[in-house]
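When the chains are written out, they are named A, B, C and D in that same order, and each has its own residue count from 1.
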Amino acid sequence: MTKKYGGLVALDNLTFKVDQGETVGVIGPNGAGKTTLFDLITGFQHPTSGVVMLDGREITGQSPNQIVQRGMNRTFQTVRPFKDLTVLENVLVGLIQGKGRLTRKGGSAELKDQATELLQLVGLTRAPLSLTRNLSHGELKKLELARALSTFPDVLLVDEVFSGLSAQETQELSDALIRVKASRGLTLLMVEHKVSKVVQMANRMLVLDHGKLLSQGTPQEILSDQKVLEAYLGKG
Amino acid sequence: MARSAAIAVLVVIVIAAVAGVVSYYYVSTAPASTSTSTSTATSTATSTATSTSTQTVTSTGISTVTSTSIKTVTSTGVQPITFGILGPLTDVTGIDEKEGAQLAVTEINAHGGVLGRPLQLVYEDTQEADPTIPVSTGLAAMNRIVTVDHAQVIIGGERSDVVLAEEQQLPKYKVPFLDTGAADTSLGKQVISNYSLYKYFFMVSPVNSTALATGLISYYGYFHYVEPNLTKVYILAEDIAVWHALVPVLQYYLPTLGFTIVSPGGGADYFPYGSTDFTTQMSNVRSTGAQVICILAAGQDSVQLIQTWANLKVPAIPMGIDVAAESPSFWGQTSGAAKYETIEVGIGDTGTPINTIGANFYQNYSKYYNTLPIYTADGAYESVYIAAQAIEKAGTTNGTVLIPYIEKTNLTGPDGVVTFDRSHNVVYNPDYTKGAALSMVQWTAFNTYTPVWPPTVAKPIALPPWM
Amino acid sequence: MVLPEILVFGGLLGAVYALLSLGFSLSYGVARILNLAHGSFYMIGGYVYYVFLTLSGVNGVGSLLLAVALTFLLGIALYLGLIRPVRSAPVRVLLITLSAAIVAQEVVSLAFGDRGVGAPFIIGGISAPLGVVVENQRILAAGVSLAMFLSVWLLIRTTKLGRAVRAVAQDAEAASLMGINDTRISVITLGLSGATAGLAGALLGPLTGISPDAWLNATVVAFAVVILGGLGSIPGTFLAAFLVSYSQIIVAFEVSSSYEIIVPLAVIAVAVLVRPKGLLGKVEE
Amino acid sequence: MPKLPRFLGLGIVLALTLVLLPVVYSNDFALTIMTFANTLAVVAASWDFFTGFTGRFNFGQALFFGVGGYAAGFMNLNLKYGPMLTIPLAGGVAIVVGVAFGYPTLRLKGPYFALATLIFPLIAGDLTFSLSSVFGGEHGLYGLTSISDSYVVQYYGSLILMLATVMVLIYLASSRLGLALESIRDDEKAASATGMNVTKYKLVAYIISAFFTGMAGAYQAQLFKFVGPDTFSSNISFEVIAMTIVGGIATIVGPVLGAYLLVVVLDGLGVSSDISVLTYGVLLMAIVLAFPGGLLGRLKPSLRGMRIRRLVGGKRPGT
């Protein structure tokens, strides 16, 4: 697919597919169009041309909420929590509105269990009733993840989850991701700066540069790819 | 910083609230202030005493005060009778209502009051002069004047929507309401269509809008005889219901008098109530070659209208109904642009009294308040006498009992003879010895307009130099 | 055919609308402040002119300048005293400016009454461009407005200060990193928008009369013009001002005066729905 | 039975005092003023339900107040429906207007929506004059049948309307709906990423707000037996905003107290309009600067507590 803003081309007919259960890392220098790519996939922007398919069905031009209902969700690069709500409520919204649509009949008990489970899953130890605005950056990242998961996605796109985190927080969060993937059998698509992390977690990688797909393959292939080294690490 | 500032602000509010309370108590203790003004008034009244025979209020006609019959209110220890003044008390219309009524109360109390009881006035502010104030404010004031101040008669009213709403409450209060501001025919229609509910309403002044139209048309007839060449009329009216009802009448009669209506569609050019820019209208007037602008304006917008007219030197003379122009301040408001505008007023408001009562009214009014009365003043003045007479005759202040007596009113006042038709509107008659008469006056200088109609009092009309 | 009338009246009115709206556009475009009290500057400007001209010895031009100066200071005061403390929360900015407008209205009507006032013109007399008779004051108002509008525009386009202003408008954070003092820029912006609106009021006030509640219509006009032109776009504001004035005048002449208020508002409402980002607006986020 | 939330506690105390008022202090004027206050409290609470919870600023609540009033007037005069019928039906009409107006405008970004809400009541107000053959111009519609001539009945009527409104709104605010709305207020983009149709929810909140305000307008029309253009006046919209902010935004009960405070202080004392309007302007200013939560801002947590209990059961998880 292609995305143009007026003159400049953000994504230049990019084509790739992700198989179920994969963990795919997307890397590339700033302005390579990584976040734009996520926006296009999750319906926050619509491609100038081209299509987005989710398990065989076209979802191009659908609104974010429709796509969420189809089982794909994302986290935002800069976290967007519901500041004036409690931690608990942040996940409740998704549990109720998302694909799960809980509390129709499931009742409060299930909702409560799901919420507590989610928070444990991402390792958010804060009291569920504490106000979100008081959370640390690391906690917010976890909450962001929990909220994305609360809609029961099959495909999860995580945008720079590790940015601005301490080594220790980074470790916690990546463990959380791995736990999540294991327990939910997610297909994971991650945009990441920290190449090391991606290499560690991904079983396949895409490299973007100036909106073009520069290269793709297993982490090993990518790291040994000359083009990538120039375009990406070269610029450092 | 913001917090401390806000604290300071809160203090201000407290002060404002206090001010509120104070002003409230001021309002509710208004009667006291009246009786003080009474004593002063009495003395002045003495000095201006004209008649020698001791008349009583019960006689038709408003008596003038004689030095022999003065009793001060305070000397009579009996329970006073309370009249309520309900209007925009901070606006010239409301102030004049208040002062006109005070004058009458002073005179009557100087005669020993009614049924041997002194009259006292209470006041509530409806703020209706400000068009952005909702009707509910007026209704709150009305409720207070009846249930808190215990007014047995209500005198006042100005804005027709407020008065209409107030009229709706009368079945609940069962208190006579003497309207001294709104000229709306719908008010009287209510009385006819549902007498038992709305019989409490009376329109004392001005005469209702139909009568105003009749008067205006007869004036135009006279004008055609004085200025046979000025026949092209441009009707410029506020886009409000009272004029919508009146314009067809003009459309029907003016042509029969030899005029041609040049405004769009041979009807009126309606502009939004409260407009502030009249350049388009004035340029239309010019391009249609109109020689007369028939203004129909109840609001303050005419201030701007007349200024634009004068500034652009539009070669057509404005003659019509313009409520704002009836107040002496209009000359100042328009910084003199009002010159040559000719408007319809009650014949008692021309500045030249038509009878001794009017003369007496003018003299005393200008003495106490050193300003000229406007139409609401003589309305309120007459209303007090109307109510006083009815109470005197009925021997009670019970509203329901009073109604038939008020209906039988036949009283000579500054505006002529007041009688009521079955819609409880004051009866219009070109002859002021037979009914409430009208006059056309032309602004000629600061604080002065000269009557140009009816012929009995008429001076020649002046045309603007640019015509 | 009333084409000349429409051309002249629409043009003269549009120029003043442009000046009135300029400040509103600036304060949103630069400082991201939706100032509901913008119309109050217009109203106060009108009153200041009236007070000095009629109640004191100052002559027309002097009163005009005083009106500009005072509304300039008021704009600064409004920002420092009320807007700045709540700057971070747009909703609170809306509320604080609304309350400021209400307070201003009532203070003025306590001082000068609800009925409003009319002030004498700076220049009397009439002339007839294209054979349409108009007051010289109206031509003066339009001329001065145009001049003021252009000079402010030039100020922003060319000067160093202007560059700073535009930098803040682009990206406040980046600008502050570049060492531009955001507060200082906001102060200047609000001062300017106060002064321009005040001038508009002082120029148009004598022609339309000015009353304490005149602020609401002024705010609505400015708001509408700016939205129509595209938030933050000065050329858009200029264009839209004339669109609004002409639609108003055309309706008054060709349809009926009684719709001259409704129709333009309706047109704007529809325009906003059809093209939310306005005529020349960048995409709003 | 968990301890009563501060919220309900206060609510119940308030309700009881209001119910008992005529018994303990049956002063005609006081009752009249309180009747006005109840009507405006309904408007304020419903304004709060939309703006307080969705964060989209509505400057034109008077639109629904006027629409409700005129709708009731029409049905009462032309169809001869009684107040019992016209009041709810007027609410329905307000809903229709709410959809017609909200559906297109609610997609707009903040400032555009604010402008739209500012403009539409002005248009409506002017229309009542331009179409005076229908709306009666300054006459408005008069001669409506009265609710009752008894102050007590009038008062209780308005009280029932007010209490019903508040209870329904609290119920909704403390439900999944309320949660969804608050998430929209905090971050619309993130909200849509939870799978909800943001515009739909905003519209729902908007028409609920319209419905109750419409009924309030209708109640006032039947009370006064008159409805006029003043019901569209921006004064009403602004006054309602002030009441809500003073009482505490997004608390439903806050606006009600705000309404009593302002109406009693202003109308009750018969202060001159300039002073009274000035007072609430300054009050609004002070509250916004110093106490963003409003006087009852502390009710917010307990409303939230209520909601959480309703959603996930009495025993709070993780505590």
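Keep this in mind: contacts are C-beta pairs under 8 Å (C-beta built on N, C-alpha and C of every residue); 3 or more make two chains touch, one makes a residue touch a chain.
All values reported here derive from a predicted model rather than from experimental measurement.
Trainee: Based on the averaged CA atom positions, which chain is farthest from chain C?
Mentor: With centres defined by C-alpha atoms, farthest from chain C sits A.
Trainee: Which chain is most central here if centres come from C-alpha coordinates alone?
Mentor: Checking distances from each chain centre to the full centroid gives D.
Trainee: Among the chain pairs here, which one is joined by the most contacts?
Mentor: B-D
Trainee: Report the inter-centroid distance (CA atoms only) between chain A and chain D in whole Å.
Mentor: Distance between chain centres, rounded to whole Å: 41 Å.
Trainee: On a C-alpha centroid basis, what's the spacing between chain C and chain D, in Å?
Mentor: 32
Trainee: Can you compute the centre-to-centre distance for chain B and chain D, using the mean CA position of each chain? Integer Å is fine.
Mentor: It comes to 38 Å between the two C-alpha centres.
Trainee: Taking the mean of the C-alpha atoms as each chain's centre, how many Å separate chain A from chain C?
Mentor: 46
Trainee: Which residues of chain C are in contact with two or more other chains?
Mentor: Only 85-86, 109, 114, 258, 261 qualify.
Trainee: By residue number and range, which residues of chain A touch two or more other chains?
Mentor: none
Trainee: Could you list the positions in chain B whose residues touch two or more of the other chains?
Mentor: Touching at least two other chains: 2, 5, 130, 132, 239, 272.
Trainee: Which word fits how the chains touch one another: line, ring, star, complete or other?
Mentor: Looks like something else, not a line, ring, star or complete graph.
Trainee: Using the touch rule from the top, collect the residues of chain D that touch chain B in their complex.
Mentor: Spelled out, the residues of chain D in touch with chain B are 27-29, 32-33, 36, 126, 129-130, 132-133, 136-140, 142-144, 146, 149, 220, 224-226, 228-231, 233-236, 265-267, 269-273, 275-276, 278-279, 282-283, 285-287, 289-291.
Trainee: Using the touch rule from the top, collect the residues of chain B that touch chain C in their complex.
Mentor: Touch residues, chain B against chain C: 1-2, 5, 91, 129-130, 132, 239, 264, 269-272, 275-277, 279-281, 283-284, 286-287, 300, 303-304, 307-308, 311-313, 333-335.
Trainee: Mind pulling up the chain D residues that touch chain C in the complex?
Mentor: Against chain C, chain D makes touches at 55, 57, 59, 104-105, 108-112, 114-116, 118-120, 122-123, 126-127, 129-130, 234, 238, 241-242, 245, 274-275, 277-278, 280-282, 284-285, 288-289, 292.
Trainee: Can you list the residues on chain A that touch chain D in the complex?
Mentor: Listed in rising order, the residues are 42, 44, 63-65, 68-69, 73-74, 76, 80-86, 88-89, 92-94, 96-99, 103, 108-109, 111-112, 115-116, 119, 127-129, 147-148, 150-151.
Trainee: Where on chain C is chain D touching in the complex?
Mentor: Against chain D, the touching part of chain C is residues 28, 34, 82, 85-86, 89-92, 94-96, 98-100, 102-103, 105-107, 109-110, 114, 216, 219-220, 223-224, 227, 231, 258-259, 261-262, 265-266, 268-269, 272-273, 276, 284.
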